[in-house]
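The structure that follows is given in the form of structure tokens.
Note that the chains take the letters A, B and C in the order they are written out, and that residue 1 is the start of every chain.
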Amino acid sequence: MNPYIPHTERDIEAMLRAVGLPDVEALFSDIPEEVRRRFRPLGLPPRDEIWVSRYIAGLAERSTGRRLIPFLGAGLYDHYVPPLVGHILARSEFYTAYTPYQAEISQGTLTWMFEFQTMVCELTGLEVANASMYDGATALSEAVYMARRATGGSTVLVPKSLHPHVREVLATYAWAAGLRLVDVPYDEAGQIQLGEIPADTCALIVQEPNFFGVIEDLSGLKERLGKAFLIVYVNPIALGVLEPPGKFGADVVVGEGQVLGLPLSFGGPLLGLFATRMEHLRRMPGRISGRTVDAEGKEGYVMALQTREQHIRREEATSNICTNSALCALAATVYLGALGPEGLRRIALLSMERAHALAARVFALPGFRPAFRGPFLYEFAVACADAQASVERLRRHGIAVAGPALLRKCGVDNAFLVAVTEKRTPEELELFVRALAGKE
Amino acid sequence: MPTLYDRGQKGRRALALPELTQPEEDLLRHIPEAMRRKSPPRLPEVSQPELVRHYTALSRLNYGVDTGFYPLGSCTMKYNPKLHEDLARLPGFTQLHPLLPEEEVQGALAVLWELSEYLKGIAGLPGVSLQPAAGAHGELTGMFLIKRYFEDRGELPRRHKILLPDSAHGTNPASAAMAGFRVVALPSDRRGLVDLEALKRNLDEEVAGIMLTVPNTLGLFEEDILEITRLVHEAGGLCYFDGANLNAFLGRARPGDMGADIFHFNLHKTFSTPHGGGGPGAGPIAVSAPLLPYLPVPEIVKEGETFRLNYDKPKTIGRVHPYFGNFLVMVRALAYILTLGDAGMREVSAAAVLAANYLRVRLKGTYKLPYDRLCKHEFVLSGEGLAEGIRTLDIAKRLIDYGFHPPTIYFPLIVREALMIEPTETEPKEVLDAFVEAMLKIAEEARTQPELLKGAPQRAPVKRLDEARAARQPVLRYPFPEG
Amino acid sequence: MVPKELRYTKEHEWVRLEDGRARVGITHHAQKSLGDIVYVELPPPGRVAKKGERVATVESVKAVGEVFSPLSGKVVEVNPAVAASPDLINKDPYGQGWLFALEVADAREVEALLSPEAYEELLKGGG
């Protein structure tokens, strides 16, 4: 039956004898009889490995969407994942370990965490990063909680150009904490139009590039905010070519790290990035690895500043986060290590090259125009008379894009969103244009 | 240990990437001058063999379940079946974008729906959300649900207190506080269980609920569980159950039958998905009927043979995850449930509890056992009084020399010098016996050769690390040489 | 390790009375049970604290000690040396490891502080 239990009948008898109990059922005598009596099984027979393998593979096959060519981004992107990432993640010393509480036998994990933190600092232009948060949306929510603790304010300025699902997660967290979300509108370029800043503002959020794919100009924002936090939600691939938000005085940079070597995975697991300035270190959530020495003076790593965390500070902890996205952060570390500075830049530029080539051709078609005039990297919104019909036409040709429903949540009517990564081929771009133009 | 930054040479590459077809400058013109990156991020520059060897070397400094016995209390470090790793890497799952139309992702929705149904059955509760990405995230979602429930009933801000036994995991009070509740600690009684009198004294109109871990972190089953949940419900409160310890009664009892309103699962504990060195896990929650209207959106519903996403829940707390939760973790958990079936799950709790009790009786003569009674899947010893000057930390570090991962130490806080031991069901008796032998030997060494404990570990990649230094002079990123 | 010239609290703080001012630190027992102290957070000078109010935090690697104001009054001085070298609290808890000084607002509160003898009793009681 249970193939993962090694105990033989003899083992069980010997252990029961040592414990002084007649049978296994006696081990559960402390569960009230009434509770045990109410128990109902699922009605599931045990299955063999071949059966389970076929069954689950059948479910995997059943999703037709895998065969669509993904010009679909909207927060998660189909970048190339080098197989070496998977090979390293498959080392069971990494994936079958727990959180590195026992530093002496967790130097592998603690070392890559330290590397990851360094890389995130380098990308974001900030001084300290954790390893890691669940995803970009909850990382952003935690950043807002941190901003409130630091500033005492309870109003959060949220652009209408923020990813609508990220905004929905933030809205849940904000409601629970009694925070007020105030919309920041966008202009014709698709960039934020920051009006007056309410007195009790704890943070302004800017997504970079924003949900429409448009590059926001971060200059001068922090100066207008004063002590209120500038929180920038980034696509880390874009930081290969964009100036790091730290340079513009950002207090916290968060982001969705899926693009750094993780597959789309139907949206999970993801990777939340979180970086801040040293002055906010003790307000920061999440695990941090720090360098130290051992009893013989040899360099090594430990989990640092644990007094911020829930297992020590309990209700006064900076966050409740415990289990996070560690293995995904390892993937990101290996990915960035493999790319190097030139490779990261290349991935961003290759995606841009293809995206801008496609955009030029799409916008040359009659009836299609850019929804926004602002500069973009590798994702852009296309406005047309009947966006839903265009999206359906593309799908009939085997192409997926982000449909108009998502953009409508941001107040954009009749548009769809197209993302182009380095994986898209000239043939796929050609197919896209032909499909959109209605040529069979 | 050198980092990747200490390896390689400027200009080295690990990947063959496509070439650009136009000059960089032409592309960069699309980026406004102010936003153009002026200097590249400092990332390592290594060849592919260097990179692979570096991480292979790092992996060898780690200890995982595949390395050896990992009796880390409260963490359920059971074996992670290899089949599941392959299933979670099927392109039909990994290459699927979560924003594809419903009809294109029916297989993935089937995984979510089936797992939800099984989790409802296991919890004995009518509703499930798979969105929480970890146990603590499940707790937070549960606290949000409690808050919404009372908001909807017009009982906020009056009901602002969450009762918590002093033996609770640290995530519990942290989650309650994050959701804006005030935490009120409940003392444990001499049995190590919730003090019923203290509970009654604290139950008033300000109580929103109680957070219980069942069995509790001493590994003891709350024998008065039905009385506790009845009292809380009578006072108008809700009962949250932390499911970290489900391995203790899987296939035998259901939280719904004990009076739980919310129960979170740790798929990375009970359902054998690997812990990944700190995640990702998954923390789905199951809820009782009164909380159904408040569950996160979207909900996965089945209509005939088709799966659909339902957003029409006007009272929902909203999303707690941008998509559907940690999907690939759920694939593994579903494979586990299907493999085991009812009988296999029942065997899990039997073997896990038997192994824990076996270790308990074999160690209790030598080590202090503050709560000496039938335990469930784990138990707590104290390292106190073994020998003058010996601390639990020393015992833990010495276990490393014997080839074992140490138990959880200094938790729960109500036991001094605690050693929390959870063997799980997947260890052969020979391994359990070898662990006992090592623990007994260490107790003897504590008296005869204490320096062996104080100087431990000797057989690890590094000697004992200076944590105070790491805190006093934090070095939290690579110190690049100047210039 | 309970100097006779000082007064104490149940929360393991010591108080040195110096004409109208009270210098405050944590006791030898408190530093020992915390272990290696790695971080100290002190109140801003000028802050007015009530007796029993949390005014400072002393952290070791795995524990957090809260310091409650033993008396009501205004914080008139903090010890910059412990902020820079928190281990001074371990090395010299009653001397260089002092935390802050208060201007005593209510002299009657001083009477409620523990004598060295009473504090020693408290320690014997395991408290």
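Just so we're on the same page, a contact is a pair of C-beta atoms (placed from the backbone, for glycine too) under 8 Å apart; a residue touches a chain by one contact, two chains touch by 3 or more.
Please read these numbers as outputs of a predicted model, since none were measured by experiment.
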Smallest number of contact steps required from chain B to reach chain C: 1
Chain occupying the most central position, where position means C-alpha average: B
Most remote chain, CA-based centroid, reference being chain A: C
Inter-chain centre distance, chain B versus chain C - centres from mean C-alpha coordinates, in Å: 38
Intercentroid distance (Cα basis), chain B paired with chain A, Å: 19
Centre-to-centre distance between chain C and chain A (centres being mean Cα positions), rounded to whole Å: 45
Two or more partner chains touched - positions in chain B: 467, 470-471
Residues of chain A engaged with two or more neighbouring chains: 307, 312-313
Numbers and ranges of chain C residues touching at least 2 other chains: 39, 59-62
Interfacial residue positions of chain A with respect to chain C in the complex: 306-307, 312-313
Touch list for chain C against partner chain A, complex: 39, 59-64
Sites on chain B touched by chain C in the complex: 410, 467-468, 470-472
